[in-house]
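Before we start, here is the structure in question, set down as structure tokens.
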Amino acid sequence: MLKKYAKLIGIIIMLVMMVVSVAGCGGNTAAKTIKIGVVGPESGGAAQLGQGQRKAIQLAVDEINAKKGAGEYKLEVFFEDDEGNPTKSASATNKLIQQSKVNIIIGAIHSSATLADMVVTGRAGIPQITAGSTGSSITEQGNKWLFRTAVNDEFQANALIKYAKEVKGIAKIATFTAADDYGQSGAKLLAAAAKKQGVELVANPTYNNGDKDFKPQLLTIKEQGAQAIFMWGLYTDAALIAKQSRQLGVNVQLFGASGMAALKLIELGGDAVQGLILTQTFLPDSKDAKVKEFVTKYKAKYQENPIPHAAQAYDTVYIIAAAVKKANSTKPEDLRTALTKTAGLKLVTGEPKFSNRGDDIGKYLLITTIKGPNFELIKTVNTAN
Amino acid sequence: MQYFLNGLPIGAIYAVVALSYSLIYTSSGVLNWSQGDMVMLGAYIGFTLTQVFHWSFTPALLASMVVVGLVGVIVQRLILKPLRERKAPPINVVIATLGVAIITRNIALAIWGPDAQVFPSPVGDKPLQLSMISVTHQDILVVCVGILVMAILQYFLKYTKEGKALRAVAQDRRAAVLMGVDTQKSDAVAFAASAALGASAGILVAPIFFVTFNMGAGIGLKGFVAAVIGGLGSIPGSIAGGFFLGTLESLAGGQISSGYRDAITFALLILVLWLKPSGLFITKSRQKV
Amino acid sequence: MLQVEAIKAGYGTTQVLNGVTFVVETGKITTLIGANGAGKTTTLNCIAGVLQTTGGRITWQGREISSLSAREIVRIGIAMIPEGRHVFPQMTVRENLEMGAYVRSDTMQIKRDFEWVLTLFPKLKTRLTQMAGTLSGGEQQMLAVGRALMLNPELLLMDEPSMGLAPIVVQEVFEVIKEIERMGKTILLVEQNAALALSIAHTAYVIELGNIVLSGSGQSLLTNREVEKAYLGL
Amino acid sequence: MDIYRLAGRKFNIILLAIVLLLPLFISNLYYLHIINLAGIYTLITLGLNLLSGYTGQVSMGQAAYFAIGTYVSALLMIHFQISFWLAVPAAILAAGVFGALIGIPAMKLSGPYLVLATVGFGEITRLVILNWTAVTKGAAGLTAIPLPTFLSIKITSEQDFYYLIIAIVFVGTYIAYRLAHSKIGRTFSAIREDELAAEAMGVPVNMYKIAAFVISAMYAGMAGSLFGVFAGVASPDNFTFDDSVAFLCMSVVGGNRSIAGAIIGTFLLTVLSEALRTFQAYRLVIYGGILIFTVIYMPQGIYGMAPIFNKWIERQPFAKLLFWQKPSRE
Amino acid sequence: MESTEEILQIKHISKRFGGLQALDNISLTVKTNTVHGIIGPNGAGKTTLFNVITGMIQPDDGKLLFLQRELPFLQPHKLVPAGIARTFQNIRLFESMTVLDNVLIGQHVHTPTPVISILLQGKKASHWERVAYDEAMQSLEFVGLTPKSGEIVKNLSYGQRRLVEFARALAAKPRLILLDEPAAGMNPTEKAHLLKIVLQLREKGYTIVLIEHDMKLVMQICQTITVLDHGNNIAEGQPEYIRKHPEVISAYLGKGE
């Protein structure tokens, strides 16, 4: 009969409750503290992004607390690993909101995870700022709780195509993008931008995550006679694509977006990525004072160069600190209002200012190229325009 | 032609990984899901030896095969042996090896970090342009070393005492016992040999693919698919399956659809399983190692 | 001399041997005959160390070997030719023979024994590179015998060498067995084909339901009506 | 009526009360969220137990049916404004059809070949979802999946979902229990134990095998529909090979030859993977270690251990109520 | 109550496995309500013949008539409804299920599977479950295993497992029962018990074909015995006739030199 099993269900629920009551004892709320929850992939395929984000946020929180940058409020930060999995990300966000009682969420990095988290933050009414997801579907939904300090892919796609057409005189392009949330949105935006600016898109192959052999697609691109390849994916993929295209004798101009902007790209790609043009929001060896200061501190603490995601996450904490100070409250609605009015900050990656969709339109968009072991700035574009 | 050529190096690697599956499957009937992570481990050890300790390629290859081979023995002793002694159902064995895969992968993440690492090709990756087609030195190296490794395996199985014992156990466990063969030892040898095979595949792909902690999952699965397409448990079948899968992927990716490339591979796999479960390249009764 | 004293054994909860006792004299053919399921193969498995006995003892040349594993039994020079031959089908004839000498390390002597086995089985000599699985049943039986001889064993355990073979081939196999005896090897032969086994055996034991019910010289049992009874249940 | 029964009945009432009132006690909605998630996964594991535990057909592709359930119901709800209660049967049906589809080649396969075929099916499904962007929106996934309503009550909060999920899990458990403890379950087990003997006893083995695939697919499809509305979004990242593996682990760790095992395994591993979050990088190492330990030392899963402790349990009044298994058939 | 009606006719069946002629143009007839023994040395083709009858092996040639109707090959699950049940040489039970469940599987084709009723715990389901249960318990009682009905099969002794298999075949309510070495691994007491059961079954009107090596048993219970050797039917007749048949004796004892 069912009884036997019903009992077992009972036990499990009880065990869960026990875990609940034991674990639930931790959270005590001191007055005048703002709790920030951070969700990101600290393990799994994109672990380097999540770990960079974590390091930068910890750095920013320590600094702000040391110099009382958020007025009377002390910043307290909670990190959760989502492995880049949307279900786990939603659970982690839930945990931060319900158990750690955070007032605001930073995260996630994968667009699919951010989208899943948005359901949670939206239902709970907690502001969420993603410093890593660039997919256009995130801000297209008109979710009032969501802000983005990563640069919108649409800006990047437009800027890149424009640069290719006007400066490099390229008329026929191919896109080569990852079949993941990031790449698929990039492909769509690049195609739209190309159409808008009258550039012919001759091929648009994709690849799946984890693919390592890109030669078949590169051969197709070659056959179609593209003058440039626009990549939209992670730096490991980009480095391999660059290498394999050179091996196949596909010596066309390569373009890329901020997702692959890491010094590792140059290390991994070697000669093949020399001359690659990509947009990014942050250059560690920039002469800008803010950048220099950030890089110096980050290096001192972690003995490595920060990745662009780290810079964006770092800025995000400063934006939150300013919003708390301005709102003088940790209520979600007050924080949200204060965030929408963000202005007058000069940070590492720009002068943040949110559009009514939640996009940061005060970002500097840097068009850079790879020269030797470094990125070299070609031109700075203000996304507000 | 170019598509076909491009499939060869990756095919060689699939073939080596497929062999490592076949070897364990025939000799001890175990479907070892941690095989892909042995590839990863081999790549990392090779990377560490060449890049951190500045060894040259060949000793690094050999050392990494030895170290990963030992890992294989440890896995056999600590996990497969108790499972066999307890006559565990096959599904438990599969899950245990999955557990090994999870552990190996995450230990690698803890040791070497999440970043991809460069493993420069020992011969450089400049392309050789031969009229319309181009291949790199590394590609040639992969195919050559891959074939060499397979030849060494073949030599080991054909001409050494332990190798022959391994085949004997695979073909008739009971009779092998009557010959005085220690089946536990030959299981361990099978695990060591197939882990070492995986390691060699890891070092070969490393310059092409970079080294990442999660590189094993994809290569492992493809190697397994190659083994089954060719005929799980057969050496010539596994090799043929590897090269077949490599070239098929190259063609499917270039000519049909890159996004659906793996879907095509798997659909073919299910078709092969359905119509000819013994493998495409095995003509008569299933041939064992 | 092999002495089997009151051994008991079985599979799981079923007892197959209920105290089997017999002796195998050095340099002679001893045969164990009986109907199907009487316990012949089980007895051989106990001697070969494949199955552990649950009672009684087995001694070989004065040394107790009841608790040795199959591997250790092989090392002390006892070879078994299993029922159904069990050659390694995907290995060549040569490799099969080499597997027989697996536990030996005296390379020179192995080479000599290899030649010797080939003179004993000239047919195998022409098939050295052929896969064992492609041989005919009789050839496989020869190979199984040859493989066991590659151990250069003192004692040879043979389980139903006539099974599944055409009568003419069975004759050949038995010729070889006699030949091996002439070389001074000790043989314990288990057979269902009683008449044939008795005709070449020095001593014979009839086993029924896990007990030895009859013994005597091969010739004497050949004419004994009791044997027929044990087989046909009269 | 013996004491066991009497106590059992009283216990059941208490249990029912606890289950129904649980949301009132749990103020931390995160825990409710995890319970809800585990409840959804339980449906998958129940189906998987019937398939792999009872019928002996291992599947490493359950995530595919889960995905089909999610996408079919979510797309129907988004594009055709169909109510959740109509979308669910459609999703279950669709998943069932695919279950039959993979069941057909599976008839001829066993062991690693069957495992690989199911893995292949899972991957094909995921890749199709990923690349068929016109319908599935590709990797970006479906967003704004509508919330279900029940008698004009909109189900929004974790508590609402709790009752929705618990009700469906209850029905699902009941059905699985009835199947498992009937002629059908008995026939499934016979196929697992010896296909040839079952065939010789007149069992149409192939038909039953396909039925097992269809049932497990339907369970996963049901779970998928729930998951869609619960998470509000769905993307291919939710339905990977790793997820299929996780479902299989839940089934085996809990004990795949029982219905209770599905519930135990699912809740345990779901809670465990959340609880281990604090251990950072080593948590997956611990997770892997637990898997290996379980399959070696508890080959029948945790529930399979219960009879071993029966003697001990009998002496402990409280434990007896919970765990004691009557030694023979009811 | 000797009957002359033929229940099973095997006509010119041949089967080759590679180089081995396992069955060579075998014909034999089993009469209703008899115990028919098939004997012969190892490898004579006895089990192959059973496998052909039960549809597990497709013969190269020949046909089978059961109750004057032709039997299809390769559809083992259709044999039970036709009225044939079998046991296996190496005992093929559902090892980790209870004795009762094993026997209930034998009932499979005789009770409907009312899915809806099963799910709703309906009357129909419980009625048929009860019917099946009663039948199964009767089979178990017949072989004397009632007290063991709740045991897991793998915990039973060899002889008991043979009986479970027997009970399972009985539960299929066949006209014809094929027993493949039913006495193998049994001790004398168990054999005596088996003998009694088989004789009782015959009294009840069943027809039984058995393969057996224990000649004593075969001679005691069979009305007709067929002797196979190397795939050939070398003798057929009553026990007395078989016992004295010279070819039978030489087949068993070997021809010597």
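Labels A, B, C, D and E are assigned to the chains in the order they are written; within every chain, residues are numbered from 1.
Just so we're on the same page, contacts are C-beta pairs under 8 Å (C-beta built on N, C-alpha and C of every residue); 3 or more make two chains touch, one makes a residue touch a chain.
Since the model is a prediction, treat every value here as computed from it, not as a measurement.
S.K.: If you walk from chain to touching chain, how few steps can bring you from chain C to chain D?
M.R.: When the steps are counted carefully, the minimum from chain C to chain D is 2.
S.K.: Spell out the chains that contact chain D while also contacting chain E.
M.R.: Chains that touch both chain D and chain E, as defined above, do not exist here.
S.K.: If you count the C-beta pairs in contact for each pair of chains, which pair comes out on top?
M.R.: Looking across every pairing, the one with the most contacts is A-D.
S.K.: Averaging only over C-alpha atoms, locate the centres of chain A and chain D and give their separation in whole Å.
M.R.: Whole-Å distance between the two chain centres: 34.
S.K.: Where the centres are mean C-alpha positions, what is the separation of chain A from chain C, in Å?
M.R.: About 75 Å, centre to centre.
S.K.: Taking each chain's centre as the mean position of its Cα atoms, how many Å separate chain B from chain D?
M.R.: Spacing between the chain centres: roughly 33 Å.
S.K.: Which chain A residues touch at least two other chains?
M.R.: Residues 43, 179, 206, 208 of chain A touch two or more partner chains.
S.K.: Which positions in chain D are in touch with at least two other chains?
M.R.: 127, 130-131, 281, 284
S.K.: Pull out all the chain pairs that touch, please.
M.R.: A-B, A-D, B-C, B-D, C-E, D-E
S.K.: Could you please specify the touching residues of chain B with respect to chain C in the complex?
M.R.: 158, 161, 164-165, 167-168, 171-172, 174-182, 287-289
S.K.: Quick check: in the complex, which residue numbers of chain B touch chain D?
M.R.: Interface residues on the chain B side: 25, 31, 79, 82-83, 86, 88-96, 98-103, 105-107, 109-110, 217, 221, 224-225, 228, 232, 257, 259-260, 262-263, 266-267, 269-270, 273-274, 277.
S.K.: Using the touch definition from the top, list the residues of chain E that touch chain D in their complex.
M.R.: Residues of chain E touching chain D: 54, 56, 76-81, 85-86, 88, 92-98, 100-102, 104-106, 108-109, 111, 113, 115, 118-119, 121, 125, 128-129, 132, 149-150, 168, 172.
S.K.: For a test of understanding, state which residues of chain E touch chain C in their complex under the given definition.
M.R.: The touching residues are 19-20, 41-43, 156-159, 181, 184-185, 187-188, 213-219, 243, 248-250, 252-257.
S.K.: Touching chain A in the complex: which residues of chain B?
M.R.: Residue list for chain B touching chain A: 2-3, 6, 10, 106, 109, 113-116, 118, 120, 125, 127, 129, 134-136, 205, 208-210, 212, 214-215, 217-218, 249-255, 258-259, 261-262.
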